[in-house]
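Below is the structure I would like to discuss, written out as structure tokens.
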Amino acid sequence: MGVGFLIAVLPLISFLLAGFGVLFGWKSFKRRSHYFGLVTVGISLILSFYVLFKVMKGAVFSEKWFNWIISGGLSACFGASIDSLTAIMLVVVTFVSFFVHMYSIGYMHDDPGYDRFFAYLGLFTFSMLVLVLSPNFLQLFFGWEAVGLSSYLLIGFWFKRKRAADAAIKAFIMNRVGDFLFILGVVAVFWVFGSLDFHKVFSQAGAVSAATLSLISFLLLGGAIGKSAQFPLHTWLPDAMEGPTPISALIHAATMVAAGVFMVARCAPIFDGSYVLPIVGVIGVITAFGAATIGLTQFDIKRVLAYSTLSQLGYMFAALGVGAYVYAMFHLFTHAFFKALLFLGSGNVIHAMSGEQDIRKMGGLYKYMKITATCFIIGTLALVGIPPFAGFFSKDKIISAAFANGHLIFWFFLVMGALLTALYMGRLVFMVFFGEERFDAREMKHLHESPAVMTVPLIFLAVPSIFAGFLGGWFEKFLKSSVPNHVRELSHSTELLLITITVSLALLGLLIAAVIYYWRKISPEVFTENPVLRPIYLLLYNKYYFDEIYSLLFVRGTGFGLGKIYAFFDKYVIDGIVNGVAYFTSWCGEVLRLTQTGVVNNYVAYFGIGVVTVILLLLLV
Amino acid sequence: MREIFFYLFAFLSVAFAVISVTHRNVVKGGIALLASFVSLGAVYFTAGAEFIGIVQVIVYGGAIVVLYLFALMTMDLKSFGKEPLKTLSVAVGGAVSLVLLVSVLYAGYKFYGGVVTAGISGAKEIALPLFYRFLLPFEVVSVLLLVATVGAVAVGRREE
Amino acid sequence: MTTFDFFVLSGLLFAVGLFGVIVRRNVISLFFSLELLLNSANVLLVGFSKLQGNLFGEVFVFFVLAVAAAEAAVGLAVVVALYRYRKSVNTEDFSILRW
Amino acid sequence: MELNVKLLFPEFFVLTAAVVGILIDLLLPKRMKNGFFATFSVFVLFICVFLVLFSSPFVPEEAFNGFVKKDLLTGLSQVLILFSSLIAVFVSYGFLKKFDTDYVGEFYYTLLFAVFGAMLMVSANELATLFVSLEVMSISVYILSALFRKDYRGKEAALKYFIMGSVGAAVIVYGFALLYGLSGSTLYGEVGRAISTLSFPVLLSLALVISGFLFKLGAVPFHGWTPDVYHGAPTPVTLFMGAVVKIAAFVALLKLFYPVFLPLVSEWGEVFAVIGVVSAFAGALMALRQENVKRMLAYSAISHTGVVLTALVSVPAVAVFSVLFYLFAYAFMTVAAFGFVSLLTENGFKGENLSDWRNLYGKSPFLALSLVVIFMSLAGIPPLFGFWAKFYILVALVKVGKVGIAVAILVASVISLYFYLRPVVYAFMRKGEAVLPPVEPFELGAVAVTVLFLIIFGLFPELISQASIFALSSFLRGII
Amino acid sequence: MVSVILLLPLLGALFVALCRSEERVKWIALFTTGLTFLLSLYVLFNYDISKGGFQFIDYGSWLPTFSIKYKVGVDGLSLIMLIMTTLISFIAVPSAWRYIDRRKKLFYGLLLLLETAMIGVFVSLDLLLFYIFWEAMLIPMSLIIGVWGGERRIYSALKFFIYTFAGSIFLLVGMVVLVIVYGSVTGNFTFDILQLSHFKLPLELQKWLFWAFFIAFAVKVPVFPFHTWLPDAHVEAPTPGSVILAGVLLKMGTYGFLRFSLPFFPDAYRLYAPVIFILGIIAIIYTALVALVQEDVKKIVAYSSVSHMGFVMIGLFSLNVQGIEGAIFQMLNHGLVSAALFFIVGAIYERLHTRKVEKMGGLASFAPKLAALAMLFTMASVGLPGTSSFIGEFLTILGGYRAAHWVGYLMALGVIFGAAYMLYMYRNVFFLEPKVLSFKDLDLREFLALGFIALLVIWWGFNPEFIMKFIHGYTASLLGGV
């Protein structure tokens, strides 16, 4: 036990208190449930900073809380092992979580499930903290699944809506697809290394053949893909937007979805020794670019942000793929702030628009909600990568690392992705905050800037979104102690050139967006109605038809389709055989019974036959 | 001479037996049975089992067959109706009987017997083993007859 | 007069009797056949008695005779009683107990 | 001539009592008959149990020139016969109250005659004695079956049993005749000495004797009469047939076959096993959809017979032991089952059909629970008596490596489980009204006692095992 | 002590039989099962782990003719099973509290008889004693299904009885063959499990006997393709029946594999492990898919049992410490979780009188307690870490992977499919727009019973060692002996 334990367990207390309130319908708990969250997560936040400073000074926390599974050679415990990587994650998680808690007070104010929401938030925070603190694979898996559960609960928070309930199931099951590989990875780790402790495993990683390591890291990667919604398991994340917006900010943007990146960074020694890294990169690039293209066409404010999240996670994966673990983490770090900011900002917009999420029905909101708009724009600039905002530093590092390590194709798509990012974010900002007001009068009445409890978190998140980028150097140094970073040095001139290309492309993107959506020089219909481009547009608009294909292949095919066939087989063949044997037996009985004619002569005939039979039998034996 | 009579009566008993079994008219069948039993008694006689031969005639001929005929009198013979011949029954019955007949004949063929000495066994000769050696079954037979008598009366009496 | 002759006689009687029991539906005729069955054993017993030189076989015949008589009495009583119900002596009419 | 009459004292006691019964029957007014004769018979049988217990020697003893031989096997089976008959008397008492007959006295003393026949049958050590006592028993049973007034079914059953019985008797006598011809004697010991190889005459006689016994036991394909007769006969008589006749026939079989056909034991053992397996299956199959409980129990009896018969394939000692044990269990179960049916039977044969047992539990929980015990014991579900019987048969079979037969009879027992469960289903699970005539306390008591035995011996079978072992060793002493 | 535990429910049944009031029997049953549970806890806490092996042995002559003994005792495995049995029986009483509204005396009497039989199965140290309990349990169980069950109760009761009985005849034959072979080789005729397990049979015989035992146990487990009695029995059984059926009865089969098949026929066991792996994997995936399309809630849970038992089977046959310990733990855990799920389904049925999924929906808005507990048990069924299911599932996958990699890969697929059907069921029942107008939340009795299981599920999910420490010694000696 120790400070790590405290950090992790405090939110759990919040969950339990609020949860019992929900369970027993305690009215007094209901309106106060946010206090539990704020206080406990607040303390955790402070402790996290404390830990961070301690770690910066070179302290190492290694806690063992209690034994978990002991069986044969397997011995796994719950505990905490805090190095620089963990410390950073702790701060990110508690920081975002705290502000999301605060924000939710306002956002969820009128919801009947107010206390339930805070209970879930507590559960999530706890799970995420356990995840990042884990000293071994098994606890990692515990946290991994627990965040999945919280995510499921929160996506399905408005469970009466079918879409929400379905999205929750989709998220959970797609995560499970990844987890299926992940748990096999854990199993493989155990049988290869004989232990699940990170320390022991990583220290032996060098002694294991690359093939074995590749297998393990491939399996682990599966988990990461699922959790971080990478191609091809990415489709759950946009649907997850059915959950309340603070959740999208916390779970589906800042923390949980980044767990995959965290895990791969954590397991860098294994990945480094394997042949899997290029696959990671490819997946990352595909996701980064593909999601960005989809983001161009969406009209739901949260979905655009969700695809942008996908895309940014793709960048992180690309960074991991080229070996730039630290840059991936750095992007994770900055992304957490500005993406949370963006989501919370969109939450304010939605709140103001009485739940409307379609950007075609917005416009010109800047007038009405200046703080939100400003913060949102800051977030956007950070995301697009305009210097000196945080995103610029982190994203640029990734792009140049791809170039430096010789992955030119990666580099090209990532750069193009940056252009697209600017394009869709610009489109979003211009459509939402500027231009004509497309909402109707009823919504007009509601329009207002959000209360302080919802704007303050924005401001607090905006600060790191602006400045976190400058921590790059420190971050790199700090993290080097726990995470390797394989990036070749580039000459200054090349680096400068690359930066110029990236930034100018980003600016170009914004410019195009402005031309189309602000100045309205070109109508978007030019692209969508153009017979050549229309198929492409439809392809993008329908998200490359992934949902449809998966639904056909897996849900309706393998799942329910095969299930129905099997159920039929089970009922009529397997059980049919069982019942058939019974019926056959019964039928035999009926037939035999007919020999019992009631006429005594026949019985005598049987008797006679019997005598003959006995004689024959005696002759035979 | 005995031999001839033996074979003659044996043949007769079998022939009458066939008639009694196959004849449609029960009364005539009964008469044929009586004839068969009497012939059988004669066979025993020729074989030297004189006591048994006499008993056979008395018990079977005198008692049992008469009992049958008496019983028949209490019934309305016209009500017996025609007896349809069941082909399957005949086939099975014939086959089974034939197989058993062959078995018995084969057993007789295999059985080392030789010529039967026609020692005469009258009542005196029989009495010794019957009343000494076979005392117990003999006593039990009396019980059997007692039971049969009482039971036959009880079962056969008209219910009111 | 060999043992085989007795076998032949007894076998024939046995076969005829068994055939009758299987084929005849008329209970009285059936009873006749039963008597023949019992008699077939008697023939054999008498023959063996003569062969073996002791009279145990003939004593046995005596018992069989007694049993046959007793059976005939009881059997006829049952048939008479049944006849009162069915006005028939056909075994096929006595078949409500079946299956 | 060595009579040694005192050895047969129990048999003669019953015989005397029966004859005395004839006399008393003439004197008594009708309304007193049932009560008096029931009490009388109970006393006679009860005393006789003690007579048997005290007179059965461990070292086999002979009487009447060796025509009877008594050992513990005899003694034990006689006790079993007497016990079953006792229950039969108890059940008859209630049954006769429900079903009127003019022949109350006749019923009881004929029953005693039948008991006498059965008792003598298991002591017989000679072919003629066996045959005659067999006939005493059979003819008594024919009469018992036909004795009830306005009871067509009983008479039809009697006729069928009679005809089949006569054929059986003829066949068995034919076999005896051949045996006599082969050996020149009718005493088991002397006949046995003459038989060593399976020549065709021996084979024929063996086949005929086997057929005769199989008929008496009701094994397939000699079983034709069993369902009809069990079904048609008045229930106490069915009870008697099911228990006493079967015990007598089985023990007589043991006592005849082992001394006489000992050298051929492997041959006839196999035959019995084959017939047994067929019977076990056929009986079970035919009972499956049977609505009439008595008929169902008849088919089940065929099946049980088959199971017991298979044990004969084992080594003699084990076979005798397991058969004996099975007979014990079977007697108790049969008595209980038919007693139970009789208890529920009302005028017009209501209560014999499964549908009359609907929701019996609602009417009488005790009876319904007894039903479970009885039928589950018949099915051989532990920890009831029937299980052990099946278990020992199994041990006997496996002991000689006949695993296939063991599996076969167990498969048959699975099939039979279905119809044993049906009464339970009706009594507990189906909705409706059970037929429940006024319950006669004696009858109920008798059934309750047997049910209790089924449980007690199920939990502590050692008592019966020990008794069977004693009987076995006493029996083996006699034939070696 | 073990004998006391064994006979206590019997005594309780006697009291129930003698009790005049139809209402008071509930309390007798509750008291008896509770006391039995406490006594089994006493045994648990007094079991000397350091010593291991069989303890609390009670010994008596029973059938000396065939040297069949009354011998009971517990080792680590039996102990766990004993605790599970007494616990589930204790839970079954409150689950019946309102559900059983007629013939209460009969019901509680049967329940107590059933408990004795179940305990007997797990503590018997004599083959025949084991078999007797093994079969004796069929009568009360099928009566419970048949009397208080649903529409097709009779069919299901008969099917259950006959199917399992059919399976166990092979066990009986196998047992007798084993004993007789043992007797003829050693000259010592005995049914003592401990003596028999030290006996090395020739491989050829092992193969035969293995399958004989296998059929009996496989039907009970049930292993695909012997599973079709289970959905029928579960669907028709009354709630307490399902609770016990899923909670305890299914474990008898797997217990049999551990107690008999492995020690008696180690070579055949190893030889045929791949066959079992395939069957187990089919069970995991195939039944999960079947469960996915079922419309009856109870059927879904029933098929989930089959699926979960697939994990147990693979664990048992993986022949390594993790696999076997995981399997044992999974047995315990599945007992708890499926019992709780059936309890919940029963509670819903009591209120809605339907088990059809399409007639439910939105229950979460009326019944937060029920929904929360149902969510917990759903997640436990899915195998979420932090619940006891995860321990079993993870360890069995670990074991399966060790035995053969493909086994591990395929069985881990169950992680996906298991989540699918449970979540769809949860969605259809508790989420979506409510299809009913009102719905009463759990009352205190139900909440306490379920909450108790929930606590155990979580407690053992985080501290499996509390249970596992009893198993370690057992598996060590088991695998050491093989």
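Letters A, B, C, D and E mark the chains in the order given here, with residues in each chain numbered from 1 onward.
One rule holds for everything that comes next: a contact is a pair of C-beta atoms (placed from the backbone, for glycine too) under 8 Å apart; a residue touches a chain by one contact, two chains touch by 3 or more.
These numbers were taken from a predicted model, which means no experiment stands behind them.
> Could you name all chains that are in contact with subunit A and with subunit E at the same time?
Expected: D.
> Using the touch definition from the top, what's the fewest steps needed to get from subunit C to subunit E?
Graph distance in the chain contact network comes out at 2.
> Write down the chain pair with more C-beta contact pairs when D-E is set against B-C.
B-C is joined by more C-beta pairs in contact.
> Based on mean C-alpha positions, I'd like to know which chain lies farthest from subunit A.
Measuring from the centre of subunit A, the most distant chain centre belongs to B.
> Determine, using the mean of C-alpha atoms as each chain's centre, which chain is farthest from subunit E.
B
> Mean of the CA atoms for each chain, then the mean for all of them together: which chain is nearest?
E
> How many angstrom between the C-alpha centroids of subunit B and subunit A?
101
> Starting from the mean Cα coordinates of subunit C and subunit D, work out the distance between those two points in Å.
One centre to the other, that is 26 Å.
> Just the number, please: Cα centre separation of subunit B and subunit D in whole Å.
31
> Using mean CA coordinates as chain centres, what's the subunit A-subunit C distance in Å?
95
> Going by the contact rule already set, what residues in subunit A reach two or more other chains?
Within subunit A, the residues that touch at least two other chains are 582, 593, 596, 598, 600-602, 604-605, 608-609, 611, 615.
> What positions in subunit B touch 2 or more of the other chains?
Correct list: 89, 92-93, 96-97, 100, 103-104, 107-108, 111, 113, 133-134, 137, 141, 144, 147-148, 151-152, 154-155, 159.
> In subunit E, which residues are in touch with two or more of the other chains?
Counting only residues that touch two or more other chains, subunit E contributes 162.
> Which chains touch, pair by pair?
Those chain pairs which touch are A-B, A-C, A-D, A-E, B-C, B-D, C-D, D-E.
> Which of the residues in subunit D end up touching subunit E in this complex?
Residues of subunit D touching subunit E: 361, 365, 372, 376, 381-383, 387, 391, 394-395, 398-399, 403, 406-407, 410-411, 413-414, 417-418, 421, 424-425, 428-430, 460-462, 465-466, 469.
> For the complex, which residues does subunit A have touching subunit B?
601-602, 605, 608-609, 611-612, 615
> Quick check: in the complex, which residue numbers of subunit B touch subunit A?
Of all residues in subunit B, those touching subunit A are 89, 92-93, 96-97, 99-100, 103.
> Under the definition above, what is the set of subunit A residues touching subunit E in their complex?
19, 22-25, 66-74, 78, 138, 141-142, 145-146, 149, 152-153, 156, 159-160, 162, 165-166, 168-169, 172-173, 176-177, 179-180, 183-184, 186-188, 190-191, 558-560, 562-564, 566-567, 570, 574-575, 578, 582
> Help me check something: in the complex, which residues belonging to subunit D touch subunit A?
Where subunit D meets subunit A, its residues are 159-160, 163-164, 167-168, 171, 198, 203-204, 206-208, 210-211, 214-215, 220-225, 227-228, 266-268, 270-271, 274-275, 282, 284-290, 415, 418.
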